[in-house]
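In the two assemblies presented below, chain A is common to both, partnered first by chain B and then by chain C.
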Partner chain A sequence: MIYLDNAATTLRKPDCVAQAVCAALGSFGNDGRGVHAGALSASRIIYETRERLASLLGCARADHVVFTANSTEALNIAINGALGAGDHVLSTDLEHNSVLRPLYRLQQERGAAVDFLHADTVGRIDYDDFERLLKPNTRAVVCTHASNLVGNMLDIARIGKFAKEHGLLFIVDASQTAGAYPVDMERMGIDVLCFTGHKSLMGPQGTGGLCIREGVELRRWKVGGSGVKTFLTEHPGELPTRLEAGTLNGHGIAGLHAALGFIESVGVEAIHAHEIALMRRFYGAVRGIEGVTVYGDFETDARAPIVALNVRSYASDEVADELSEVYGIATRAGAHCAPRLHCALGTREQGAVRFSFGYFNTEDEVDAAAEAVRRIAQ
Partner chain B sequence: MIYLDNAATTLRKPDCVAQAVCAALGSFGNDGRGVHAGALSASRIIYETRERLASLLGCARADHVVFTANSTEALNIAINGALGAGDHVLSTDLEHNSVLRPLYRLQQERGAAVDFLHADTVGRIDYDDFERLLKPNTRAVVCTHASNLVGNMLDIARIGKFAKEHGLLFIVDASQTAGAYPVDMERMGIDVLCFTGHKSLMGPQGTGGLCIREGVELRRWKVGGSGVKTFLTEHPGELPTRLEAGTLNGHGIAGLHAALGFIESVGVEAIHAHEIALMRRFYGAVRGIEGVTVYGDFETDARAPIVALNVRSYASDEVADELSEVYGIATRAGAHCAPRLHCALGTREQGAVRFSFGYFNTEDEVDAAAEAVRRIAQ
Partner chain C sequence: MREKTMKLVVTFHTTAGAMAMEKLCRKEGIEGRIIPVPRCITSDCGMAWCAPLEARGDIERAVEGRDIDLAGYHEVMV
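Our next item is the complex of A and B:
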């Protein structure tokens, strides 16, 4: 199988990831529950993972890195923990349902208001719309760093500057970029950064989290066992415990720890360069094929390594099925949990076939995929 | 290290667990996102894990087995999803903070009322208190199957009968029993069963969930990516998707799948018999040591394999430290997230040293632990 569905999850992980998870499965007690060697091994690796994430993502404090099961949970915690009745929020058409549905729920159940910056048919927003949509009760901007559908990146530093100028909380979904593109919360003016461990961070599924700038207070989400302050009726208020009730996914985090070590050793810039080169190679090969429509903005390399396309008017899932069954190429078809952007692109009915590249993909794989598209289009 | 902290997490797992996680880390795509071989392998194993859990725990429908990151999350989903303003809830002094804190929050933030059945100094409740505490607005009973502190088990079938007679929702925390004691939702009259994967189910951390009886509707918890029905603004309403937003911990669930296979092959009754025999051997050896106080009810074998004790008036954490550092024995001291039961036992200040046995412990380990207690007491 040629795996080109890295925007869904990186199937191929660095070898050290499985090794680390296996080692943890034979040695970890429960982090923060007990002082014996097993519990302490878990605590040590988990804390080091917070440190590696803080360093990678520009979070000033390792204890403000909170672990969750995935970025959807992180976004729910951020959105529900910061916003409520009477608040107005700005977001964009590029968002994944993990941003959209928590925002829609905020509108429906708590009376918040949300405005979305519209995307054009290439999936670009007009940054001046932020000013135009600003209201006296605007409290936050919530947006993705890069579209999971077409790979277009938002200028996070620019939006961060806007947010800071107007005293808005800035929540960013880095599900498609953390580990594969330079992210620096401080420099970009991000207040809460939500990430997943199993995509570009190359760690196991079941890992993810939030990095929270000092001074940002989020309401508790799940509450319960904390391993400390047992006699408090309220879940402890200090980060990271505040937002991490119950036993953490220590085994998964051990894998993420190893993956972060791998990313540090290769370097985010090198990973990005490799993935973008593969994307450019594929884009160059398919864009001119008769009957192929490619979506998104390829004028810059500041993007995620994704090429979304359709072949003639063929249903995208049928094209993906043929790619999988005839050519052994794994892609993803359909709507990709990105409903608003499909409406903007005009692909609501057809969906799109998404090719997303990862660090372990090769030029040969890219060429085989382009050739398969060419044959399907013929 | 002699590991006797299995009530916190089973450090030793069946070998098949790490093997399954490793295999998954090299082959799983994202469950429900795509139709290529990688995504389908993940979906198949995840669905089989639902089936195995449904079969083990007496849940009528595999698609009513919902995965969460841990039992704390499961209990938050159940308690917040079913109960609200004006509701009265019955619970007990045996509960872990993963039950208590969601209930306290329900009291403080939503105006629900909670009454707790008091435990005596042995950690037993008086079942007649259920009738005595019943009110016209009582909506639910939420309780543990077995105390994580002393191992005492509640008579779940009896409470289930009471709940049914009065039309109450019955939510059970099986964190200490699933996999190590027979649990049958149907027979015991349980509406929502919450479990964790990394304790007696012997799977990886980061796994857990709820089994939900048909007809019980829980409000959504986190919302977001679902992989289906992208254009719905509301997170889909069907189980299990309703309560499972975002990417599941596929790699961890693959380990749980293997652990469940191991449990099926050994048999829950055999696991329980082995663990209780170890507990009885330890209890028999330490109960008569001068200066040792053992807590809990040992009149029945319907209990979790736990012995909590103190040595004279020694601080429990100092005893646990000595057990760890001098004897290489891992236990857990302190309050164990069980504040109300410590108050009932009179150990609020001292805490207790908890020895909790698992399937891979041996008689020699038990004897070494008892001998260590004897020496510390001298």
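Our next item is the complex of A and C:
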């Protein structure tokens, strides 16, 4: 199989990831529950993983890195923990449902208001719309770093500057960029950064989290076991415990720890350069094929390594199935949990076929995928 | 049971705080180890850093200016 669905999850991980998970399965006790060798093995690796994430993502404090099961959970914690009735929120058409649905629910159940910056047919927003949509009760900007559908990246530093100028909380979904593109919370003015461990961070599924700027207070979303302050009736208020009730996915986090070590050794810039080179190679090969429509903004390399396309008027799921069954190429068809952007692109009915490239893909795989598209389009 | 002696016990609000302290002390060559929080300090659960009494100055200097979620210093028989 040629795996080109890395925006959904990176299937191929560095070898050290599986080794670390297996080692943890045979040695980890429960983090923060006791101080015997097993419990401490877990606690040490989990803490070091917080340090590695803080370093990678520009979070000032390792103990402000909170683990969750994935980005969706992290975004729910951030959005529901910071916003409520009477608040106005700015977001964009590029968002995944992991941002959209918590915002819609905030509207429906708590009476918050949300305005979305519209995307054009290439998936670009007009940054001046932030000023135009600003209201006296605007409380936050919630947006993705890069579209999971077309790969377009938002200028996070620019939006962060806007948020800071207007005293807004800035929550960013880095699901498509953490580990594969330089992210610096401090430099970009991000208050809460949500990430998942299993995509470009190359760790196991079931890992993710939030990086929280010091001083940002999020309401507790779940409460329970903490390993500390047992006789308090209220769940402890200090981070990371504040937002981490219950046993963590220590085994998964051990894998993420190893993946972060791999990323440190290779370098985020080198990973980005490799993935974008593959994306460019594929884009260059398919963009001129008659009957192929490519979506997104390819004017800059500041983007996620994604090429979304359609072939003639064929249903995207049929093309993806043809790619899988005839050519052994794994892509993702359909709507990609990105309903607003599909509407903006005009692909609500057809969907699109998304090719997303990862660090372990090769030029030969890219060429084979482009040739398959060419044949399907004939 | 082992004989108890007077020691310095540093407590934290979170497990992450205890881990940060252990890592810092190992790096700085400060003697000590993680122990369960003695029940004479609190009947809550949790981890503490246990060190010889004379290590207090080194520890205080090491944590100065660092974001370690430290709850308190105690001198107790452990």
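FYI, the second predicted complex is superposed on the first by the 378 of 378 C-alpha atoms of A that agree within 3 Å, B and C clash if a C-alpha of one lies under 4 Å from a C-alpha of the other, contacts with A are read in each partner's own complex, and residues count from 1 in each chain.
Here is the rule we use: contacts are C-beta pairs under 8 Å (C-beta built on N, C-alpha and C of every residue); 3 or more make two chains touch, one makes a residue touch a chain.
All values reported here derive from a predicted model rather than from experimental measurement.
In the superposition on chain A, contact is made by A:R50 with chain C only, not with chain B.
One of chain B and chain C touches more residues of chain A, and that partner is B. Of the two partner chains, chain B is the only one that A:H198 touches; chain C does not reach it. In the superposition on chain A, contact is made by A:V223 with chain B only, not with chain C. Of the two partner chains, neither chain B nor chain C is touched by A:G261.
Of the two partner chains, chain C is the only one that A:E238 touches; chain B does not reach it. Contacts of A:G250 after superposition: chain B is touched, whereas chain C is not reached. By the document's definition of touching, of the two partners only chain C reaches A:D63; chain B does not. Across the two superposed structures, the residue set of chain A contacted by chain B and also by chain C is 33-35, 227, 230-231. Of all residues in chain A, only 31-35, 40, 43-44, 46-48, 50, 60-63, 214, 227-232, 236, 238-241 touch chain C in the complex they form. In the complex of the two chains, the chain B residues touching chain A come out as 1, 3, 5, 8-9, 11-13, 17-18, 21-22, 25-30, 33-39, 68-73, 75-76, 96-102, 104-105, 108, 196, 198, 204-208, 220, 222-227, 230-231, 233-235, 245-252, 255, 317, 320-321, 324, 329-339, 342, 348.
Only residues 13-20, 22-23, 34-36, 43-47, 67, 69 of chain C touch chain A when the two sit together in their complex.
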